[in-house]
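Here's the structure, in C-alpha cells; my notes come after.
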C-alpha cells in the first residue's frame, strides 16, 4: 500500500510566513509537497471557523503561521491572533478535536529554513497520526461515504 | 417579595419606568417572565429559588426597548449580564433601572449602573462543584473519548436555538448561523453542524459569558452545553487572569498583552 | 458567469523543470468559468504580457490568474498589464508556482498536482473578486522631526532646504544633543561645537523650520501623509517673546548647586538656567523641581532682576496640535552610568567616570575649561586608564551588541589626554579595536604609535581604591593571560550606548516596532535602513542603533530624501485592501449590532461609531464604521466580528472560504 | 523552635569551631538545630567537574533525607555545601527529567520543598531581630567582612546579597557593635581549590586579602566559610611569607564574633582552636 499522503492546509500571513516560504523557494530548500498555502493579510485575519472548515472538507492537518511577536506588520495583529489561538486550541482540545493536527508557528520573512522544517515536521507527525477519519466521519453528510486512499 | 411588588407599582404609577420585568407563576411548578405595564399586574410578581431564568435576555429585545425605560428584577447573574451588555453599548442608565435581588434575597434599588457594577464585583464568578467535577472528568478523558462524548451529547440537538434565545449575550441581529454567503455552518442538524454551532457559540461567548446557565436550563434536551462556556471561563482565568464584566473594562478577546503566555507556538 | 483566463508561466525552466506546465494549463482549461488557459515561457516578458492583454480584450475576460512566481515579486507587473487592457487590476490574482512549488519540490506528479491545486484556489477566489479602486489620499507637506541632536538638525535642514515646512521638537531646553557635549571629534580632532553651533543657529533662523524646545510628543494619530500630532510644550516659566537672554536671572539665581546635565554632573547650574552658553534658543527655563519658589513658595529673585518682566511662574504646559505628512525620529541614545557596574564599585568611586564625562573634562567649555582634572580633588591624573566595552558585548549584562563608537572615542580620549598632560601615562583595556571607517584605523594607530597610548588586550575584573589610587585589576591576554594591575588616578569607562529611557513608550505612541534592546527597528536591515514598518515614519541617528556622527548625518540626509520624495507628490495611492462594515437597506441598516468590541481589537484606531438617524434626526442605531484613511487592512476586526458584519476587500469571507473549499474538494 | 542542620564534612573536621559556635549561638536564642540523619557528602569541589547527575544526586539525597525527617528549613553553615544544595534545588526545579533521574538514583522521593539557609540568612531571619537585647559586650572592633566566592555566587541562582561588594555580613556585624571597614577584597578568591596542592599560590591569593584588610586597619576578619577560614588562618605562615611581615589579625567565624558579643564562653565558641591567636 502506498504511504498515506496527508492533506495539509497552511494559513499564513502575507508579510512574514508567506515571505518566509518565498525565501525557502529562493534558497531552493526542499520540503514535502503535501502543503497548500492560503495567503492572508495577517494572522489577525485568520478566522477560526476557516480552520474548522478545512477539517470539514477533509484536511488531515493544518498549519497556522505568522510574524513573531513584536514583528507584526500591523503592530499587533499577531498578538490578537495568539490570544484567540490560545482559547480556540483549548476549546478544540475540550471538544475532542485533535489539536496535534493543528501546528501553530511563528515564521519570519527571514526564516526560509524554518518554514521547510515546520512543513516537514507537520507532514511527518500527521503521517504518523494517519488520516483524520474521526472528523471525516462526522463531516460528510451520511449518504456520502468517505473514501481514503 | 412584598417590597418588589410595592416598588414596581410605584415605578409604574409614577411613570418612572414603562415596564418592570420580573417573574410570575407559570404552568406546573415553573416560573416565567412577567412584563408589568400596569400596577394591577404587579401583584403577580413573585420571587423564589425557582426564578433562575436570565431576564437580561429581554432587555435587548426590540419589543421591550420600544416601550421605554424598563426596570428589571435582577439576581446576581442578571446584574452581571446587564453590566456586560452595558459594556457592549446595548443598555445605558437612560433605559434601565436595576432592582437588584441579593443572593440573600434582599431587594436593593441601584441608582445607576456604576453602583450595580460595584455590587457585582463583590462576588467572583464561581463554577459550582457538580460542574467542576464534570469538567475534571472530561479533562481526564483521552482526546478520542472526549470527541465521542461530545458527538454523543450533541447528537440529539435539533438546532431549536433555545440556548441562543435564552442567552442575554446572544443579542446579535444576525447570528453567524444565519449567514449564508458563505454558509459557515450547515443548516441541517447533522453531527458536524451541531458541533460547529456549539463551538462557535462558545467562542463568541468567551470573555463575555457570565456563567448563568440559562442556555443549559433552556435546552429541551438538557445537553450540557454550558460546560463549553465554563471551560472557556476557566481557561480565561488560567491564561489571562480571568475577567469580570465591567462598564469600562478591557474585553478579554479584543485585547491582548504582549507577554501572553502559551506553550504550543513553535 | 465568470470568464477567467489562466496564464501558466514556465519562468524559463524555473517552473517547468519540475512542474508540467502544459498539464496545468490544460487541466485549468477544463474548469467551470475558465474560458482561456495557456502556458508560456516568460509571462512577465513583453510578449507574455501581450498574451494576457490580448486574451483580456479578445475573450472578454472578467478575471485573470497568473500562475508564475510570488505575488510579492510580480503582482504589480501583472495587475498593471490587466489595467492596460481595461480589466480592473484587482481582478488579477497570482498563483505562486515558483517559490512555493517548483523550487521546493522534486519533479514529479505530486508537484504538478500541487501546482494545479494552487491555480485552482486562485481561480475560485477570483470568481469572488470585486472591482476595486485604489485609494487616493492627500499629503500634508510638513514634516515633524523628533529630537534636536545632530541627526534631527541635519534632517530638519535638509527637508527645509527642499522648500518644505519642518516642525522640530526637542525635549531639552536647547537643541544640540550629545554632539554639543563633545570636545573634539574623531578622526579629525576638529572642535565639535565649532562645527555644530552654526548648524544650530541655522535651524533657529530657517524660515521653513518651527522649533519647539522643551517639548515632547504627546500623541500621534493618522497615517502617511496625514498624521495629526499633539505636542506638549513643557512650561519654561518664562515669556519667550519678552526674554532677551540677558542672563541676569541665571547669574542671580540663589540655587546654584544643581548638577548640570550638560556637564554630565561634573559642573553645577542654577535653577533658572540655560544649559550651555551656545544654547539655541539662548533663553532660560526654570527647573521647577529645584526652584526655591516652587518648593517653598517664595524667592522670585529672577522675577525681580528680570529687566523685561519675562518670568511667568504660573505658566502651564501647552498642547499644540499640528498636522504633518511625515515624521523623522532622531531621539538618539544614552549611556550606561558607572553605578550599573558592580565590579567597578557601583559608581562609588568619584574618579571612575564615563566617556561622556571625559568629553566634558576635555572640552574647552567644560567645567575645567578643558584641563583634564579628576572630579574628586581636581588633581591632574598622572595615570589614566580607559576601559572599552564597559557593558557592551557582554551578554551577562544584557548588552550583547557592540556600542560601535567607543573604540574610536577612546582612542581620541587617550590622544587628547596625552596632548594635554605631558608625561602622563594612559592605558586602554580593550577586547578588539574596531576602527572600520574612513581614516579611523589610521587614527587609532596614531594614538598608539605617535602618542604612546598603552593598549592592553584584556578585560578588567575589578576597580578598587587603595591609598588614594584606583587599582585597576585586569588581565593581558596577549601576555599569556597575565594578571595586570595598574594604579591609576582616574578611570574612564566606555559605557555601553543604550536606548533612551522612554523609547518603548515613544515607539508605542508612533506604532513602530523596536528591537529587544529598545532601539527602533528599521523596515529592512539593508535596503530600508531609514524607513520604519509604519509608512511615513523614518529613522535617523542613534535611536536605531549606536551611531557615530558621520553615520547619523548620513542617515538623517537619507531620511530627509525619503520625506522630500513623499512630499513631491500631491496625493498618495494606497491599495484598497481595507475593512468595510456592511450597510443594508432599512430597517436593518447594517447587521452590525454596535457592540464595538472591534474598536479595541483594531491596531489603528480606525473604527469609529456611526449613528444612523431617521429623518427627524433621532438616532435609530449605532454601528461601527471603518475609517478608510486609517485602516491598514490587517483584518483583525474581520475575524473578530461575531455577526460577520465587517469584511475586508481583497480577502473577503467569501474569497477565503472559497479558497479552502476549492483546495480540499475534488473536482 | 527547631531548624534542620546540615554540618557537612568541614564542620565535623577542620572547622569544628564553626559548628561549635553555630550551635552555641543557636542555643543562646533557643533554636534547636536538628542534624539530618545519615547525611552524606555534598559533592563540593570534585563532583560537579566529573559528573553532573552525580553532583546533583548527592545534595538531592541530603534534601530528600531532610524532607523525610519532616524538616522544612535547614541551616547550611558551610558556603560550599550551601552553594551545592542551592544549585541542586535550582537545577532540579527547572528540569523535571533530571529530577526523575536523580530521584531514581537516590531511590528517595524529592519534592524540593526544603528551604535552604546559609548562616547569614539564618542569623538575619531568626537572630537579628532579637540580637540587640542580648548583646552584653559589643564587638567593638574594626572588622573586615570577607565573603569569599561561594556565598554570593552565582547570583542568578542564589539570589542572595549583591555579587560584587556584598553587604549582609557588614550589616550583621554593625548590629553586633562592630565597625565594618570598606575594603576591596570581599569576594576575591582565597585559593581554596589550591589549599592542599599549591600552598604558595594560597599564600599569594590569601596574602592579598589579609594585606588589604591590614592596610585598611582591620582588627579582625569575619568569615562564613570553612575554606576561607582555613586558608586565612591555617595558611598564615605562607601568607606572612608572601607579605614579608608578620600579620596576626585573627580570623573569626561570624558566629564566633556574635558569640563573643553575646558573652558566651570562649571555649564553647572554639576560639582556642585557631592558629592565629584570637586576641579580641
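For reference, chains read A, B, C and D in written order, and residue numbers begin at 1 within each chain.
Just so we're on the same page, a residue touches a chain if its C-beta (ideal position, glycine included) is under 8 Å from a C-beta of that chain, and two chains touch if they have at least 3 such contacts.
Being a predicted model, the structure only gives us computed values, none of them experimental.
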Selected interface, C-D versus A-B, where C-beta contact pairs are more numerous: A-B
Central chain (distance from its CA mean to the mean of all protein CA atoms): C
Chain whose mean Cα position lies farthest from subunit B: D
Rounded Å distance, subunit A centre to subunit D centre (Cα mean): 56
Centroid distance [mean C-alpha coordinates] between subunit B and subunit A, Å: 34
Whole-Å separation of chain centres (CA-atom averages), subunit C against subunit D: 52
Length of the line joining the C-alpha centres of subunit B and subunit C, rounded to whole Å: 47
Contacts with 2+ other chains: residues of subunit D: none
Subunit C: positions in contact with at least two other chains: 601, 640, 653, 657
Subunit B, residues touching no fewer than two other chains: 176, 184, 253-255
Touching pairs - complete list by chain label: A-B, A-C, B-C, C-D
Contacting residues of subunit B [partner subunit C, same complex]: 88-90, 171-176, 179, 181-182, 184, 204, 250-251, 253-255
Residues of subunit C that touch subunit A when the two form their complex: 70-73, 96, 98-101, 103-106, 110-111, 113-114, 117-118, 121, 511, 513-514, 533-534, 577, 601, 603-604, 632-636, 638-640, 648, 650-651, 653, 656-657, 659-661, 663-665
Subunit A residues touching subunit B - in the complex, by the definition given at the top: 48-49, 52-53, 56, 69-70, 76, 79-80, 82-99, 103-106, 118, 134, 138-139, 141-142
Residue numbers on subunit C that touch subunit D, as the complex places them: 342-343, 345-346, 462, 464-467, 471
Subunit C-touching residues of subunit D, taken from the complex the two chains share: 162-165, 184-185, 212, 215
